[in-house]
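Below are two complexes that have chain A in common, paired first with chain B and then with chain C.
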Partner chain A sequence: MSLRGATTAVIRRELQLFAQRKSDWANPLMFFLIVCSLFPFAVGSESEKLKLIGIGVIFVGALLAAMLSLPKLFDEDARDGSLELMLASPEPLAALILARVAALSLALGIALSAVTPVFALFYALPFDVAAMLSLNVLMAVPTLLLVGSIAAALLVSARGGAILTAVLVLPLTIPTLIFGAGAALKVLYGESPAAELALQAAFMLLALALCPLAAAAALKISTD
Partner chain B sequence: MARTESQSNDKFAGSWFWRYASPAAFFPLAGKLEKLCWALAAVLAAVGLYIGFFVAPTDAQQGEVYRVIFIHVPAAWMTMVIYMAMAFWAATGLVLGTRLSFMMSHALAPTGAIMAVVALVTGSLWGRPTWGTYWVWDARLTSTLILFFLYMGYMALAASFDDKKKGDRASALIALVGAINVPIIYFSVKWWNTLHQGSSVRPGSSSMAATMLTAMMIMTFAFWFYCVAAALHRLRTDIIERERNAAWLRDTLKAASQ
Partner chain C sequence: MGGIQGARSVMRLVVEKLAAERGGRAVFADLSFVVEAGTLLRVSGANGAGKTTLLRILAGLAAAADGNAAWHANDDLVRPAEAACFVGHANAFNDALSVKENLAYAAALSGHNASSQNISLILDAFGMKAMINRSFGTLSQGQRKRCSLARLLLLDSDSASNSNGRGGRAWLLDEPFVALDVDTQAQLATVISAKLVAGGLVIYTSHQAVDIHAANTQEILL
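On to the complex of A and B.
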């Protein structure tokens, strides 16, 4: 099987699994919804106040929801043995990991960014801000999943994986958070978000270039 | 390089560099270096604190409170230096497969985390009288806090593997990922917010009084030696723990206690 054939097969398999197991994408969405609706109870319901915190709450909520899906990358496959097949494949491991992350980003990124404008209504954000926030969630989810794939790969066989993944991955997502939420803030203040968007795209490309290689090395370490 | 170690040299063929990649060869040398570094750290700290507290003049704007820089600035510098040293040993370990390199990384991490805490605590104690608040989300404070998170993540990951070899390589990888991210995080946070007073120590030109600068530099060296000593001590403890069944260790410890 060619490299292209192998990666397409991995992406197709992942998307089919996603279509069958609805909880895989429905649960992160529910989590996102609940996190976003908790904050007004804590800070009060005045729309001026909500408008100020809305962008940050929604963006952090989306990152947390995406992070909760990280164990899905390798844990189930480690249990049912398909991870061994992936490791034994003659195709480069980094390419296969990239295909898995791409499939998860596609499903989860689109799902999370599709509901973002709806949640923006909760926080009285104008439509153009909601659209920019939605675009940035779409760009941030792949970055987070790419960086997170390294931690997920390392922790396939480790104790206390989920919480440790958060401890390892969340600090590394701060640049994405700064510029993702920053772009939406710029729109809120009527300024151009071009610089933030360019940097956000740069982080995504950098992660795209480096993370699959690191994740492949990580997977070889943890399954050694 | 001195050839007077208690270990027989022929056991460790090759140059001195490779010879000391073996825990058995490095253990006695680390012990000697450790003692030397403790002594230097103590002397330099005594001199540096004396100059800092009794000789250096009172600051025209901040009064006596500025004297916290003799602790704060060296600790903040060490936080960054130690992370880079940790990543360096992690990379060395991954490339060369030398056990001692990983142990060096592990030995440095807690000291780095302690330095981050010292920098943050002294920073907020300094912030209260000068900025009027214990904490501001300023770029340098925030990136030190994030560096602290990275140290904690590294240590938590290393501790979560039962298989030490696996833990060594896994945590080394995360140290490298962190090292690539540190500059990105630093500049992102800097873009995001900067209130911190401009850096007043620059090579060539400096806005500090000469005695203040002298005291701070002496304190910086004191911190360097303290950190090296603490890391070597932790390294030796780690070697003892990992090699507890090795014959060489029993011989070395017996020879040392006589």
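On to the complex of A and C.
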């Protein structure tokens, strides 16, 4: 019962912070917009070429944008001391971290996947491809944030932690990238994306099961 | 729930041959003492003697290099997370959220339910009732400190702990009197005395000599 109370409080606080500080969600969205809009200028307006690179560019852009939020996961709390509230809580730390990442994924995943179809217009992608891309962004953001929470926990309040986090996390997101972009490509070629979607979902569930435990262990080590 | 119930009964802290390291360097070693409920323990020592490290170990936030520290409630072992409440140098409040939101969050994480009525009652004890909806970032240093001290009372304000009249969680206070004006220092001293009378256990570090009315006091020098 009090586990539910604690996780609800974590989620509520995360969403309150999101509502309070517009930059938390505006910065990733702006970054995503800029990445997606720069490529067509560099590549040219040939629509076949744009269609092919568009899927990859949008997907990578969404992952990079989501990465921007990773340092926020624990760094600010470590600075003002509220991380100690989580560490000193009688409830399992992994559950609290999961609640936190879930709240962040919910807010950020929905925001990024909502703008994805708009950005797909820059690349002349048909609507069904854009919708598939959007769905995959929605599934990839939680995976990325879950994997990223381990790195963020390890590097909490470390100097230059943001860059190191990116270096540690991005290679681990390659499978998500392959299957996410792969599913959209399949739709573009008129084939069934079922296999890619299943694998994408499998990665998300694997991350869901393992990452909070690893992040909790990492956080205990790095704050000791 | 059994552990939390236990935390509300008579507390006892047993520290045996405790040693701590910071950054690979020993800060203190072979520290043994026992603190019973209703006792005020002052930890003193020079800068860098390990006062904060000791409190963090007692709160379960840091690991001891050697030896052990155990909280007992009626002869049962209690986890530090359920036995103690630590207020350190950092306030543990988020600047963007209001005082009320911050306190509700802190209470929920320690397994308590904080009603708004409760929160405003407790803020009143530190003269902060008017600030309840202010965002924490707009408060002065002293006001911030008062809010973080109000957190202590919040964890004791649970109806269950009031009804059995026992001491509640042990308080671990790291330099609680720093940045407080004279009136607030007196207020805090009163709050600590009341806690001790109720059978609570308070451990604090302080450079200043502050008058706290207490029947049983202990002091250790690191």
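By definition in this document, the second predicted complex is superposed on the first by the 223 of 224 C-alpha atoms of A that agree within 3 Å, B and C clash if a C-alpha of one lies under 4 Å from a C-alpha of the other, contacts with A are read in each partner's own complex, and residues count from 1 in each chain.
The rule we apply is simple: contacts are C-beta pairs under 8 Å (C-beta built on N, C-alpha and C of every residue); 3 or more make two chains touch, one makes a residue touch a chain.
Small disclaimer: the values here were computed from a predicted structure and weren't measured.
Chemist: Could you look at A:R21 and tell me whether it touches chain B, chain C, both or neither (first, second, both, neither)?
Modeler: second
Chemist: If you stack the two complexes on chain A, which partner ends up touching A:I178: first (chain B), second (chain C), both, or neither?
Modeler: A:I178 sits against chain B, while chain C stays out of touch.
Chemist: With both complexes superposed on chain A, which partner does A:E46 reach: first (chain B), second (chain C), both or neither?
Modeler: Neither: A:E46 stays clear of chain B and chain C.
Chemist: So in the superposed three-chain picture, is A:L210 touching just chain B, just chain C, both, or none of them (first/second/both/neither)?
Modeler: It touches chain B, and chain C stays clear.
Chemist: A:I150 contacts which: chain B (first), chain C (second), both, neither?
Modeler: The first partner, chain B, only.
Chemist: Examine A:D224 and indicate which partner it touches, taking first as chain B and second as chain C; both and neither are also allowed.
Modeler: So A:D224 meets both chain B and chain C here.
Chemist: Which residues form the common part of the chain A surface touched by chain B and by chain C?
Modeler: 224
Chemist: Hey, which residues of chain B end up touching chain A in the complex?
Modeler: It is residues 146, 149-150, 152-153, 156-157, 160-162, 166, 169-170, 173-174, 176-178, 180-181, 184-185, 188-189, 191-192 of chain B that touch chain A.
Chemist: So in the complex, which bits of chain C are touching chain A?
Modeler: Spelled out, the residues of chain C in touch with chain A are 1, 3-4, 59-63, 79-82, 85-86, 88-97, 101-102, 104-106, 108-113, 135.
Chemist: Over in the complex, which chain A residues touch chain C? Could you list them?
Modeler: 1-2, 5-6, 8-10, 12-13, 16-17, 20-21, 76-77, 79-82, 84-91, 96, 223-224
Chemist: Show me the residue ranges of chain A that touch chain B in the complex, using the header's touch definition.
Modeler: Of all residues in chain A, those touching chain B are 147, 150-151, 154-155, 157-160, 164, 167-168, 170-172, 174-175, 178-179, 182, 199, 203, 210, 214, 217-218, 221-222, 224.
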